[in-house]
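Chain lettering (A, B and C) follows the sequence in which the chains are written, and residue indices restart at 1 in each chain.
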Amino acid sequence: MPKDAAASAARTVDAALDTLACIDLACRRGNRLLFKGVNLQVRAGQAVWLRGRNGRGKTSLLRLAAGLAVPESGQVSWGGVDVRRASVYASVRVYIGHANALKEDLTVTESLQFLARLHGRAHDVPSLHGALERVGMASRRDALVRTLSQGQRRRAALARLALERSAALWILDEPYDALDVDGIDAVNRLLHENLARGGSVLLTSHLPPGAGAPDVAEFDLDPFAG
Amino acid sequence: MSSLRWSTFSAPSRFYALVNVLNPWLWGLAIALTLAGLYMGFFVAPVDATQGNSYRIIFIHVPAAWLSMVLYLAMAFWAAIGWMLNARMASMLARAIAPTGAVFTFLALWTGSFWGKPTWGTWWVWDARLTSELILLFLYLGYIALVSSIDDAVRGDKAGAVLALVGAVNVPIIYFSVVWWNTLHQGATISMTAAPKMAQTMLMAMLLMTLAFWAYAFAVVFTRAQALAVEREGHADWVRMVARKELQ
Amino acid sequence: MSAAFVAVYTRDIRLALRRRVEALLPVVFFVVAVSLFPVGVGPEPQTLRVIAAGVVWVCALLASMLSVANLYALDHSDGSLEQMLLSGHPPTVIAAAKAAAHWTTTGAPLVLAAPVIGLLLDMSPAALATLVAALLLGTPVLSLLGGVGAALTLGLRSAGVLLILLILPLTIPALIFGSGAVGAVDSGISASGHFSLLGALLIFTALIAPLATAVALRIALE
């Protein structure tokens, strides 16, 4: 049942984060349209759960929202400016896709440090260790990524979120994938913190977000199939 | 009919119709000019003082070489237009040009080889022009290989455009370096680049053959572009209409 | 901006150091390939001296191209490339950093291996010195052009061979000026013209190639 996003209005927001707006969005894969006419907004303090059957284009929509892909028609805007041109977008948007972006031959800390440096977040060792602690990866922080299980890699990839200090738009593709109960709890805590700061979240999940997750507004992609 | 804007033909359906109108004329022109040019080149133009009759192959060799270079620039141009303006038909045109350009390059190389044999006794000479033509063939083949390896048509168009532009920028550099290389290594031999003193009829024949090849290139490229348009737009209404008309 | 360059560059170097054997495979290929020529052509020193510069250059070219296919492939498959392009840093800087890292891990070792190879082919000291200097200017050009090819063929099935087909014609000027420099010195004339041209080629490529690579990367990830 769709939860009202008005609940998020109760949260105090200082410098309000801009709104992500997908306007009349259409996405093509090969020769066919995956979806068309999608109108979706993610406002500050709001969490949106993007749902739909396999192959409907959830990942494609997230990539369009992140600014990686170009839509077939329509526009994705951030604060009214097209995301591919908005220079400020890169600093307020965190995208974590299916792939973990960790290098097999680096240690967990080294991999995280690279991503933190790349995105201009705190990359000193104490901060990194603190972030890994929050996702329960402190004991494996000097292990090579190659030696980790799927669940552990997912946690390490999501540790980036624990480095965030200000409100941001988090675009997460199946963040709960491969995580155990503790992992899911850790992620949910991080999500709550971001929303409390005035950030926003756009995520996909093939299972409904559980009890510990923040209130989400559902967006079903199925009706928009091309 | 309202005033003609060139952009009208950027729609595949209208391009298709335009080509159907133009092509019979282009083919007619190509055949007529070829016959005229070959007649002039092989029967009317005088025998050359130094090379006898074997020089006559240049009436095919030189126009083919010119076309091969012009077509590469055209291919890069249309690929760039298709990319910048998001014009599908322009990208398809670029793809359609590539095989014809490669064919002309090969023709230039082949006829160049025929020229070399009676004159110098070898089937191949590494002079600046022929070597550059060979590299141009590689550039064409590279473009064709790249766009056919990419399944997604749009990505293929754009990647092809980047490659064609990078190639176009490099062609002068490559040509310069090959000339440099050739002057270092070649002794004082008769170079194929030293064309025989051109009689009026010889120039006329070369001009006719160049125009003939142009007309042929237009016709073939247009037909190929039509086929690409039908293939890509398979789901569109105009394609269904074309199919029905053909069947009736 | 330079922060991104340093981050990407040091990461790539660190990764290569963790896989030292794999990183040196191009150099091994280089040595093996060059060694085939005396076997195929005949071991007469006079012949070898004549073909030496060309052989070394061509083998360096091929060795460079073989290793560049992986420049972006691994980052693409594990999602790192997406993160780099989303970071807000100019993709041109990322491309320049990757090319620089490739040269450091492949090109520079080739330059260091060249004198040894040159001795195997009975090159004179003057020719050897010229060869090393020419390779020093030419191998960065190969890394830069290789980056363009790697970006264009990202994720394609036969990316490795296709990349070589696409890029080799573009490397011909470097080959001509580079081996020509050695030929000039062997004939007793100055190679300064060749070096000027090589230098100009390097500058030109350094300006154009990262830009083309960046554009190709965006296209590949769309």
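Throughout what follows, a residue touches a chain if its C-beta (ideal position, glycine included) is under 8 Å from a C-beta of that chain, and two chains touch if they have at least 3 such contacts.
Model, not experiment: these values are computed from the prediction.
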| item | value |
| --- | --- |
| Neighbouring chains shared between subunit B and subunit C, ordered by label | A |
| Selected interface, A-B versus A-C, where C-beta contact pairs are more numerous | A-C |
| Chain occupying the middle, per Cα centroid | C |
| Of all other chains, the one whose Cα centre sits farthest from subunit C | A |
| Inter-centroid spacing, subunit C versus subunit B (mean Cα positions, whole Å) | 32 |
| Cα-centroid distance, subunit A relative to subunit C, in whole angstrom | 38 |
| Chain centre separation in whole Å, for subunit B relative to subunit A (CA means) | 50 |
| Sequence positions of subunit A contacting 2 or more other chains | none |
| Per-residue overlap in subunit B, given as positions that touch at least 2 other chains | 154 |
| Sequence positions of subunit C contacting 2 or more other chains | 222 |
| Partner subunit A, residues of subunit B touching it in the complex | 151-154, 234-235 |
| List of subunit C residues in touch with subunit A within their complex | 3-4, 7-8, 11, 14-15, 18-19, 77-80, 82-89, 221-222 |
| Contact set on subunit A toward subunit C in their complex | 66-70, 87, 89-91, 93, 95, 97-106, 110, 114-115, 117-120 |
| Of all residues in subunit B, those that touch subunit C in their complex | 135, 138-139, 141-142, 145-146, 149-150, 154-155, 158-159, 162-163, 165-167, 169-170, 173-174, 176-178, 180-181, 184 |
| List of subunit C residues in touch with subunit B within their complex | 148, 152-153, 156-158, 162, 165-166, 168-170, 172-173, 176-177, 180, 183-184, 197, 201, 204, 208, 212, 215-216, 219-220, 222 |
